[in-house]
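Alright, structures below, take your time with them.
First chain A sits with chain B, and in the next complex the same chain sits with chain C.
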Partner chain A sequence: MYDTIVIGAGLAGLMAAIGRAERGEKVMVLAKGHGTTHWTTGCLDLFAEVDDPIAGIIQLTDQRPHHPYALVGLTMIEQGVARFRAICEAAGYPMVGNFNRNLLLPTALGALRPTAFAPATMINGDARQLRDGRPTLIASFGVLRDFFPPLIAANLRAQGIAAEAALLALPPTGRQHDFSPVILARMFDQPDFRARVGEQLAAFVRKGGYARIGMPAILGLKHPTEVVRDLQNRAGALIFEIPTLPTSVAGMRLYHILENALLSLGGRMQLGGFVQRGEPLKETLVAVFSEAAAREQRHTARRWVLATGGILGGGIRATPEGHLRETALDLPLQTPDSRSGWFAARFLAEQGHPVFQSGVRVDRSLRPLDASGRLVYENVMVAGSALAGFDPVREGCLEGVAIATGWAAGQQ
Partner chain B sequence: MQTISTDVLVIGGGATGTGCALDLAMRGIRCVLVEKGDLTHGTTGRYHGLLHSGGRYVTKDPQSARECAQENAILRRIMPHCIEQTSGFFVITPWDDESYGDVFVANCHRTGVPVQEISVAEMLRREPLLNPRISRVFEVPDASADSFLATHSVALAAREYGADIRTYHNVIELIRVGDRVVGAVVEDLRSGERIRIDCAYVLNAAGAWAGKIAALAGVTVTVVPGKGTMVAMNHRMVNTVVNRCKLPSDGDIIVPIHTVAVIGTTDVHVPDPDVFGIEPEEIQFMLDEGEKLVPGFRQYRALRAWAGVRPLYKDKDVASDRDIPRTFKLLDHEERDGVSGIFSIVGGKWTTYRLMAEQTVNEIARRLGNTQPCRTASEVLPIPKFEHTRHATVTVSPDPAAQTPHYWLGKPLALVESQHAAGDLICECELVTRDRIQAAIDAGAHNLDDIRRDVRMGMGPCQGGWCIYRTANILYERRCADGLSHVHTNEAILHFLQERWKGLTPVLWGDQLRQARLDELIYYGVLGIQRLRALAEPGGGLVTQHPAIATEYVQA
Partner chain C sequence: MDHIELSLTQSLDHCIKCNICTAACPVAAVTDAFPGPKYVGPQAQRFRHAAQPVPDASVDYCSGCRVCNQVCPTGVRIAELNARARAQMVAERGMPLRNRIIARSGLVGRLSCGPQAPLVNLTLSFAPARWLIEQVLGIHRHAPLPKASTYTFQHWFRRRKSTVAGRRPKVVYFHGCSTNYYEPHVGKAAVAVLEHLGFEVIIPPQRCCGLPLLSNGDFPAAQKHHQYNVAQLLPFVRAGIPIVGTSTSCTLTLKEEAPELLGLHGDDVRAVAAGTYDIFEFLRNLHERGELRTDFRSIERRLPYHPPCQLRAHRIGRPVLDVLGLVPGLHLDESRADCCGIAGTYGLKREKYQIAMDVGKPLFDFVQASGQNLALCDSETCRWQISGATGVETRHPIEILAEAYGVL
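== the complex of A and B ==
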């Protein structure tokens, strides 16, 4: 019997579990697999559509009292982010930025993307620095299919940044094919490999006088801070990473940092356990059943955190007939009235697609409510993208809400 | 305005138009073909890919059945690389009239459609997922055909014979001098430039759009655009074409083609071939019908839905649009309307495209005093460069044991592995390598959708999540020197994302809904493409937002 079982191993679930474990509880994270952390940028988006994220959040909480940020409140947001940053810092991977001004970091298309906090390995790409007139080089390997320097450089130039593109020769690896971001990141963890890359970068810098070099976010899986420092020294220019298509090496780093933090606090992780149903006793959740290795397993705990994500994370699933279902506990969901209201006609429509705001409605303690506002379980809290009434991708608050609500669920 | 002169101007780059262009060129008649979109942009690229045995028409439309049976044998000979020898079953399910089985067999014999009854046990041995409650099974020589590849092969052959084939050329005006059509003004959609084409004959092969073209010459051709909706499922639950043994109706056929199985189709009369939607009820209906053939059908992942418009020619009043004969008709407008210099070839179906071309060109050749015989039934078609040359689906061998009838993903995979091209897989779902993408770009693709049609990039489960980004970048790098800039590339991505979205919304649930959200995370979140809208505009040789080729789907 655990004190707390957290269902879901994304940022929200791991932050909740860490909070509980820090209070000395016996904690387990039970999850079907990795969360969406492995797909995202590895940055911490708080509120991307405004210059000042905190001011934006204050305004938002006035206008939308059911937004997850409004439910947990500003203090919990700031404390959660502070704790998250402290964990990253302690792991030697600082997350740099601030609450009151978004950074503007280049994407793998050369768009400029606002985010509140980014790993130190990305921070030299902030557009305000890049616009200082000194030349920037965007460099990658031809074998990497998830990052193409020429278009990035062209789009950056069109936005007033003196960027050029170059392809690097891949140092000998003994490998014939399949150069994914993760495989290349592991190569960068090896000093010999990056020494060869560093030589090439230095040659480009000597020739082109580049002040900064943007590279795909593949600069080490285990020791990225050291890799970037080493490459900067060798190249004689500042280096910054740009997130690639998934799989996201930068996202994986965050996952591993939080996982290690939880394990070192004595928490347990069980992946491959797909929670399929719960066992209620009136308003108390007594146990859940997970399916793994062709058998059903019963897990018991006093308290539960549901952090299984939304449609993206797999916590909410739609049927061909047009119904949405919360997959683990079959909690009531707040959804658009009918399937005809799920989507906007245009993929990139400003307002997003209403179906992706589907989620579990909760009270101020993040406990699940049904359609009439009645409490479903008094000992379950919901965190992250499983929550109703917001669109983490469109509002640019995916990591922010995950960390704030995950942290809040770990503190209640 | 630039003026060119030719014998025959063919309008329409579908199966029929390209088929006519090849036949004309083979007989030494000069021709120019114009198509407002890409080859197969209309109905040819939006059907389920069935090479008809004729079985579907034996009762209601025996003429079509006979034509299909003959052409089926010819196409297998001249385009083996486009045809997968799936064979076909007509099955009687508990929902069908038992007595139709004997009628079906008798009518097959009458129309020359080869048919053989097999036992239900044999059917289940070959297709274990079919409904065991099926009571009778008739085997016919149905097959699945790659209509994109076939049309490109025909166009390639036509070019080799000297035909001038121009895609993204839209007809603005047909030039009439008195009662004679003497040419056309067309717009090159890539540059906006107008070209005058003088010709002895205009051949209107615009399919569902034939009425619109005829109207430019001041004559009335009533084409009923019959919308057929199809759904591609991510599994080949059958390797044999499966038809319900009954009179044709909605959702009664499953065609295994490439990596998917397509269920079709509906038949809804729409007023305009450019304006139609896909209704959720149509999709639900087809899933229900699929369930009758393959129990558990609903549980398979639906990849995308699309609709094509059949070019049904309405000669006189008919009760239901499904009763319009599926056969074709050549209209001589001089005889019919008193306007000379123009023919329309209307109706028909993909399987009979070659026969339609033969009869059409026979007539035009006679008028031009050309006595060359038609040779399209005997010359084997060439294979375009962007196609895997070594995964040809059929080895042309008289020994059945030496044939490799099925296209399955393992074959291109084996090829990719043998060439160590795994690292250069740009579209991982459909195993499309960088080389093939580059070949498609070099062959003249005018936007990402063209590349999709050429090599199936973006047609697998991820619906372009990874490969749109990769392909757009390869396009940019490849065409940068020819004036394709970052703004055109940004526009190409935005355009293609929207094209894919149209086909996705009707089938988004389960994993495919999750996939769509991941694609949104990638393009909106990770890449921020919407932030480049101000840096996106059409041009650079790409055609994206032109109204002439925009299919305005009504949102379901």
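== the complex of A and C ==
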């Protein structure tokens, strides 16, 4: 019997679990697999629609009282982010930025993406610095797929940034093929490998006078801060990472940091445990059942946090008949009445598509409600993208809501 | 198409190509001979057809550790796809003699165990003999081989005097090949614990669970083993008597691997699967019902514990930590290493030995850094691998529990 079982191993679930473990509870995270951390940039988007995320959030909470940010309130947002940053800092991986002005960081296409906090390994790529007129080099290896320095540099130039591109020669590795971001990141953790890369970067800097070098976010899985510092010293220029397509090394780092924090607090993790149903007793969730070999496993806890994600993360699925379903506990969903209401007429409609605001409606304590506003479970809290009433990707608040609501679920 | 085939086929479409499996795969991390679970699993599967030759042999470098299944966020059954692809390859191209031998752990055990065991063990510890075996058979000369026992566990069990009397609840013990031929002490500990808890232990005739055959791709032979075991175990299951095993890979095979990989879904197979428990899973269930004795002696020790891949594949959490956590003074440090590398018979093979050692390195480092002279693990081949690589003694957790109960 656990004090709290958290279902889901993304940012929301891990932050909730850490919060509860810090209060001395016996905690387990039960998840189907790795979280969506591995799919995202490894940055912390708070609110991307305006320059000043906190001002935007204050305005948002006035206009949309059912938005998850409005439910948990500004204090919980700031506390959650502060705790998250402290955990990263303690792991030697500081998250840099501020609440009042979004950074603008290049993507793997050379677009500029607003985000509130980014790992220190990315911070030198802020567009406000890149526009200082000094040349920037975008560099990568030909063997890394889906990251094309000439494309990135061309798109940055179109936005007034003096960027050029270079392909680096891959130092000898004993490997002939399959250079995924993670494989390359492990190589960067090794001093000999990055010394060879550093030599090449230094040669480019001598020739082209680059002030900054942008590289894919593969600069170390275990020791990224050290790798970037080392490369900067060798190259004689500032280095910044640009997030890659999944699997995202920067996202994995956050997952590992939070997992370590939870385990060191005595928490447990069980992956591969797909929760399929709950066992209610009136308004109390007594147990959940996860899929296992030959039969289900029954888990019991006093309190539960559902942090299984939304449509992107797999916490919400569509049936072939066109209904949306919450996959773990079959909680009621707030969602368009029928399939015809899922999408706006235009693909790039400014307001986004209604289906992506689907989720579980909750009270101010994040406890699930049904369509008539009645409490479903008094001992369940919902956190992250499983919540209704917001569009995490379009609003640019995926990590912010995950951390704020996850932290709130860990405190109440 | 049965429901397993269907779910395998459908699970292909759940793959969103996120590469989380490849990022987590311990084999792809150390060698490019294996391009990763996504490529040989859901991706290559689209190019496989029963009537066409196998397009890609690299699936043979999958160790079957199932880390991919464990981390996949969309539920693709990658390890099953790979195991079946390997079987198709074996059916098409045949099986090397080496694999035919190491896949038959029952036969090898029978030949090694008994009065001749000291001679067998001496020969197998003799470097020139191992060199010869490597040259002729392709079993790596440094690969960890277990020491044969001079007597079988079954022989010991038949000859002993049971300590329990009167009507007791019954439990069937599935000992597996390793306990029978190499490590009878594991079985003795299991019997002692179960009898201490008031059970009458029954040991019906049983054969190898067939896992080594499954992982080497000989499905027809594995099916014969499984059908034999189901026939032997079924009467007990029908009578409501649980089957428990100390070899976590045997219990996984009875529960899931054999039925799913072989496509056996009859009522009898299902009943045996549903009635089979890893021994610590069984003990944890007892504890949850308040039926586990907790009259433990205190054991003031801090020991490294590795939950093996085959245990994690049960998807039941960490029953050893839950149960041994009840023993006063005992503290287990859980390894977070993905795999010891051996993966049953994988690391014995000449061409795969180094891969297995590289895969296991984080675990070996963890065990050595613990500074302890004993490590715990639920799986026999993993224990042999850990001990072989680190020189640290390894035991099944049931042996520590028996010690805590004071029944050894």
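Everything that follows uses one rule, which is that the second predicted complex is superposed on the first by the 408 of 412 C-alpha atoms of A that agree within 3 Å, B and C clash if a C-alpha of one lies under 4 Å from a C-alpha of the other, contacts with A are read in each partner's own complex, and residues count from 1 in each chain.
Everything that follows uses one rule, which is that a contact is a pair of C-beta atoms (placed from the backbone, for glycine too) under 8 Å apart; a residue touches a chain by one contact, two chains touch by 3 or more.
Predicted model only: the values in this text are computed from it and were never measured.
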Which superposed partner A:243 touches (first chain B, second chain C, both, neither): first
Partner chain in contact with A:148 - chain B first, chain C second, else both or neither: first
Partner chain(s) touched by A:32 [first = chain B, second = chain C, both, neither]: second
Which superposed partner A:224 touches (first chain B, second chain C, both, neither): neither
Partner chain in contact with A:186 - chain B first, chain C second, else both or neither: second
Chain B versus chain C as contact partner of A:294, first or second or both or neither: second
Touching partner for A:252 - first (chain B), second (chain C), both, neither: second
Partner chain in contact with A:339 - chain B first, chain C second, else both or neither: first
Touching partner for A:314 - first (chain B), second (chain C), both, neither: both
In the superposition, chain B vs chain C on chain A residues touched: B
Chain C-contacting residues of chain A that also contact chain B: 36, 39, 176-178, 246, 314
Touching residues on chain B, where the partner in the complex is chain A: 280, 284, 287, 298, 302, 420-426, 466, 469-470, 472-474, 476-477, 480, 485-487, 489-490, 493-494, 497-498, 500-501, 505, 508-510, 513-514, 517-518, 520-532, 535, 555-556
Chain A to chain C touching residues, read off their complex: 28, 32-36, 38-39, 175-178, 180-183, 186, 246-247, 252, 263, 268, 270-274, 290-295, 297, 300, 313-314
Chain B contact footprint on chain A (complex, rising order): 36, 39-41, 107-113, 143, 145-146, 148, 150-151, 154-155, 158-159, 176-179, 243, 245-246, 248, 310-312, 314, 317-322, 339-340, 342-343, 345-348, 353, 355-356, 393-394, 396, 398
Partner chain A, residues of chain C touching it in the complex: 18-20, 22-24, 28-29, 32, 35-36, 39, 69-75, 252, 255-256, 273-274, 276, 288, 312-318, 321, 336
